[in-house]
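The data blocks that follow each hold one structure.
One chain, subunit A, appears in both complexes that follow, with subunit B as partner in the first and subunit C in the second.
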Partner chain A sequence: MNLAEGVQLVSFIILTVMMLGAALAVVLTPNIVYSAFLLGAVFSAMAGLYLLLNASFVAAAQILVYVGAINVLILFAIMLVNKREDFAPVKYAWTRKIVTAGVCGGLFLLLGTTIITTPWGINNTAAAGDEAIYILGEHFFTDFLLPFELVSVLLLMALIGAIVLARRDIIPDLIDVATGEDLKLPERPRELIPAGSVDADEVT
Partner chain B sequence: MQLQYFLLAAAALFCIGVYGLVTSRNAVRVLMSIELMLNGVNLNLMAFSNYLDPAVIRGQVFTVFVISIAAAEAAVGLAILLSIYRNRNTVDMEQFNLLKW
Partner chain C sequence: MNSGIDLQGTFINSLQDLGLPPGISKLLWMPLPMILMVIGATVGLLVLVWLERKISAAAQQRVGPEYAGPQGSLQAAVDGLKLIFKEDIIPAKADSALFTIGPILVILPVFISYLVVPFGQNLIISDVGLGIFLWIALSSVQPIGLLMSGYASNNKYSLLGGLRAAAQSISYEIPLALAVLAVVMMSNSMSTIDIVQQQSGYGILGWNIWRQPVGFVIFWIAALAECERLPFDLPEAEEELVAGYQTEYSGMKFALFYIASYVNLLLSAIMVTVLYLGGWESPIPLDRLAGWLGQPETNPILQVITASAGILMTLFKTYLLVFLAILMRWTLPRVRIDQLLDLGWKFLLPVALVNLLVTAALKISLPFAFGG
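So, the complex of A and B:
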């Protein structure tokens, strides 16, 4: 093993430990704000792994989109719905956790044996490296042109859909512009649907 | 450095995501677990792209597509979460039974 391979291996180990540890913490910490910030650590470690895989453009996209957009979006969502509530205990919650842990461990073992026993046809041609961005652009505008355009339409649809879903109904007539006293926007009332087991009682 | 290491890390990340998806009570954490699973899949695609298809890198193209789909999914999911929070006044997954019965 020469120096370059050793450096690669050590950075892979550091990044993987950071990624898996932060991912476990995201799932297991009780505080949701901590898990949102740890999710940023997971995404950053993923970007480092992409750099190890000779993909600098995708690593930059990962940082920009995941850490810069999705993580900030999740933080905003936490800020908007931040209600400190103690969830009512559910019967047999520990059974659910144990069963899920067993299923996930079994899935990991299955995937692991498949990964280790399969003879992968490793291709030893030189990686594209920094040329990757040119090849990516060529793919986007030749053989992946239709999915590329569809993704742009889908992003527009998601943008409009998110606005429509999260919008509040403001009653514009009731705002008194002249006095400007009341800065609260009058909101069209929505009936609260009772949460919990009330619905089940009504049905039965 | 081998392909198997990356694939094992991706499988572990995916399994952690599945565990969080099933067990967490907070709806925001469920969305985070979905992001973890998508990241595991992305790592898989990138590893295959680098080791099995290094000259044509179709895997990186698919990863870029998955990243943009994940952005759209996060936006719509959080908007749904916000509107359901306004209606039910909670983020507990156990109490979202509108479509259950």
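So, the complex of A and C:
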């Protein structure tokens, strides 16, 4: 075994252990913020595995999209909505855990046997490496054109939906009533607060 | 194209001549450029901090640091020493694990990004094909560190600062990436070496800034916002948020934030240099000059001169941009958070998209000038 192979093997072991450990911790920690941060570790380890497979573009895209965007979005959602609420203890809560463990174990066994028994067509040609970008681009504009365009339309719809949801004070029950030429979304009139109009009792 | 000096090959060959096996000599070479780059970035940081203090002093008609070293040039090093000896405080109600990991996550991507910084044809740690994309991907990791330290501090100002920092860097990453994409489209490659190569040959006239003036402005604004420099330093706006996510930090952990922000500014300036100002190329093409003087390209003295001139040119352009950034910091007022997000989403993003479309159209219609 030469130097490069040794480094590859060691990094593969480290990355796998990191990924499995972090993935388990995501599920098992009670603190949701820790789970979100550990999810970032899982994604990073996956990017490392892509790098080992000589797919550097996919690795960088994984970091950019999953760690840099999706994980940050999850963190945002958690941090802005983090209500430290104490839930009332439920009777027989432990049965839920046992059922979950059973379902997860069954899924694991099922997937494991599928992976082992499936005759995988392993491709022995060398990975494209840096050429991968050109190959991906070609595929996007030839045989994967329709899915590519559909995904972009889907993203556009999500974008417009987000804008509609983020608009302030939309009155849902008025939307049905509002007909005619005016296609603007009805918005509740904002109260203007004049400066220096604080009530005396509020101050005291 | 002559590749110039090949330090790696020479080093490995000379070690092999001494009787070492090729594997070991390669292993001995590998840490050298990395250590050199880390040292280079650190020295660059010290110079940058000194410049910041001196220029801000000049902008406010003060003298600035004066006593530590000639013209106070050792002031930054002394500051660093002071921070090392300060007590490392973790607030009692803070989350100590996340509190410690946060600053590390902020500083690591910045230093890893120096992997793709070129100072010459072969003067780069690793010419990864991903090049500039790697930098963009790595810089998107930073907000997680900021969010983490903001959350772990258990302080409302810290949390707000962290959230602001993450929002800001996510919003400005998109125009930044679109501006980079236009350049990448012109040079048909994401490698930083190829991007500089594509600008070479015509001296100052060949630089991308003439072909991408809009992209240059967008990139510079977005890069400043990514570095959280004034006028975009909202995450640590001291009048509103004390010091944002840095509020609870002291000692070396604070120093990590400080180092990360300045090294990131340096990195952004280098990236502007590489993308728009011709990287290591001189304003007058040196190889043509040598051709007029009748020197062959393989002349060793000429190669050494070209390589040194390349490093000097890169640093000169970088510090020129840094000077501009410092001057902007001390003359412009801070924008509000809604103005910042408006600028990012409603102005820079559409303009960057139009710039990309125009570049694509020009690339098809004028392939000789826009790298068809």
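Here is the rule we use: the second predicted complex is superposed on the first by the 155 of 204 C-alpha atoms of A that agree within 3 Å, B and C clash if a C-alpha of one lies under 4 Å from a C-alpha of the other, contacts with A are read in each partner's own complex, and residues count from 1 in each chain.
To be clear about the criterion, a contact is a pair of C-beta atoms (placed from the backbone, for glycine too) under 8 Å apart; a residue touches a chain by one contact, two chains touch by 3 or more.
These numbers come from a predicted model, not from an experiment.
Colleague: Under the stated touch criterion, which partner chain does A:A69 make contact with: subunit B (first), subunit C (second), both, or neither?
Modeller: both
Colleague: So, A:L80: does it touch subunit B (first), subunit C (second), both, or neither?
Modeller: In the superposition, A:L80 contacts both subunit B and subunit C.
Colleague: Tell me which partner A:L3 touches in the superposition: subunit B (first), subunit C (second), both or neither.
Modeller: Only subunit C is touched by A:L3; subunit B is not.
Colleague: Should A:F37 be classified as contacting the first partner (subunit B), the second (subunit C), both, or neither?
Modeller: A:F37 contacts subunit C only, not subunit B.
Colleague: Using the superposition on chain A described above, determine whether A:D130 touches subunit B (first), subunit C (second), both, or neither.
Modeller: In the superposition, A:D130 touches subunit C alone.
Colleague: Between subunit B (first) and subunit C (second), which does A:A61 come into contact with in this model arrangement: first, second, both, or neither?
Modeller: In the superposition, A:A61 touches subunit B and subunit C alike.
Colleague: In the superposed model, does subunit B or subunit C contact more residues of subunit A?
Modeller: On the superposition, B touches more of the residues of subunit A.
Colleague: Could you give the residue numbers on subunit A that contact subunit B in one complex and subunit C in the other?
Modeller: Of subunit A, residues 57, 61, 69, 76, 80 contact subunit B in one complex and subunit C in the other.
Colleague: Which of the residues in subunit A end up touching subunit C in this complex?
Modeller: Against subunit C, subunit A makes touches at 2-3, 33, 37, 40, 44, 56-57, 60-61, 63-64, 67-69, 71-72, 75-76, 79-80, 129-130, 133.
Colleague: Once bound in the complex, which stretches of subunit C touch subunit A?
Modeller: Where subunit C meets subunit A, its residues are 23, 26-27, 98, 128-130, 133-134, 136-138, 140-141, 143-144, 147-148, 151, 159, 162-163, 166-167, 170, 173, 190.
Colleague: In their shared complex, at which residues does subunit A touch subunit B?
Modeller: The touching residues are 5, 8-9, 12, 16, 19-20, 23-24, 26-27, 32, 35-36, 39, 42-43, 46, 49-50, 52-55, 57-58, 61-62, 65-66, 69-70, 73-74, 76-78, 80-81, 83, 85, 87-88, 90, 96-97, 100-101, 103-105, 107-108, 111-112, 115-116, 120-123, 125-128, 132, 135-136, 139-140, 144, 147, 151, 154-155, 157-159, 161-163, 165-166, 168, 190, 192-193, 195-196, 199-200, 203.
Colleague: Okay, in this complex, where on subunit B does subunit A touch?
Modeller: 1, 3-9, 11-20, 22-29, 31-33, 35-36, 39, 42-43, 46-47, 49-58, 60-61, 63-65, 67-76, 78-83, 85-92, 94-95, 97-98, 101
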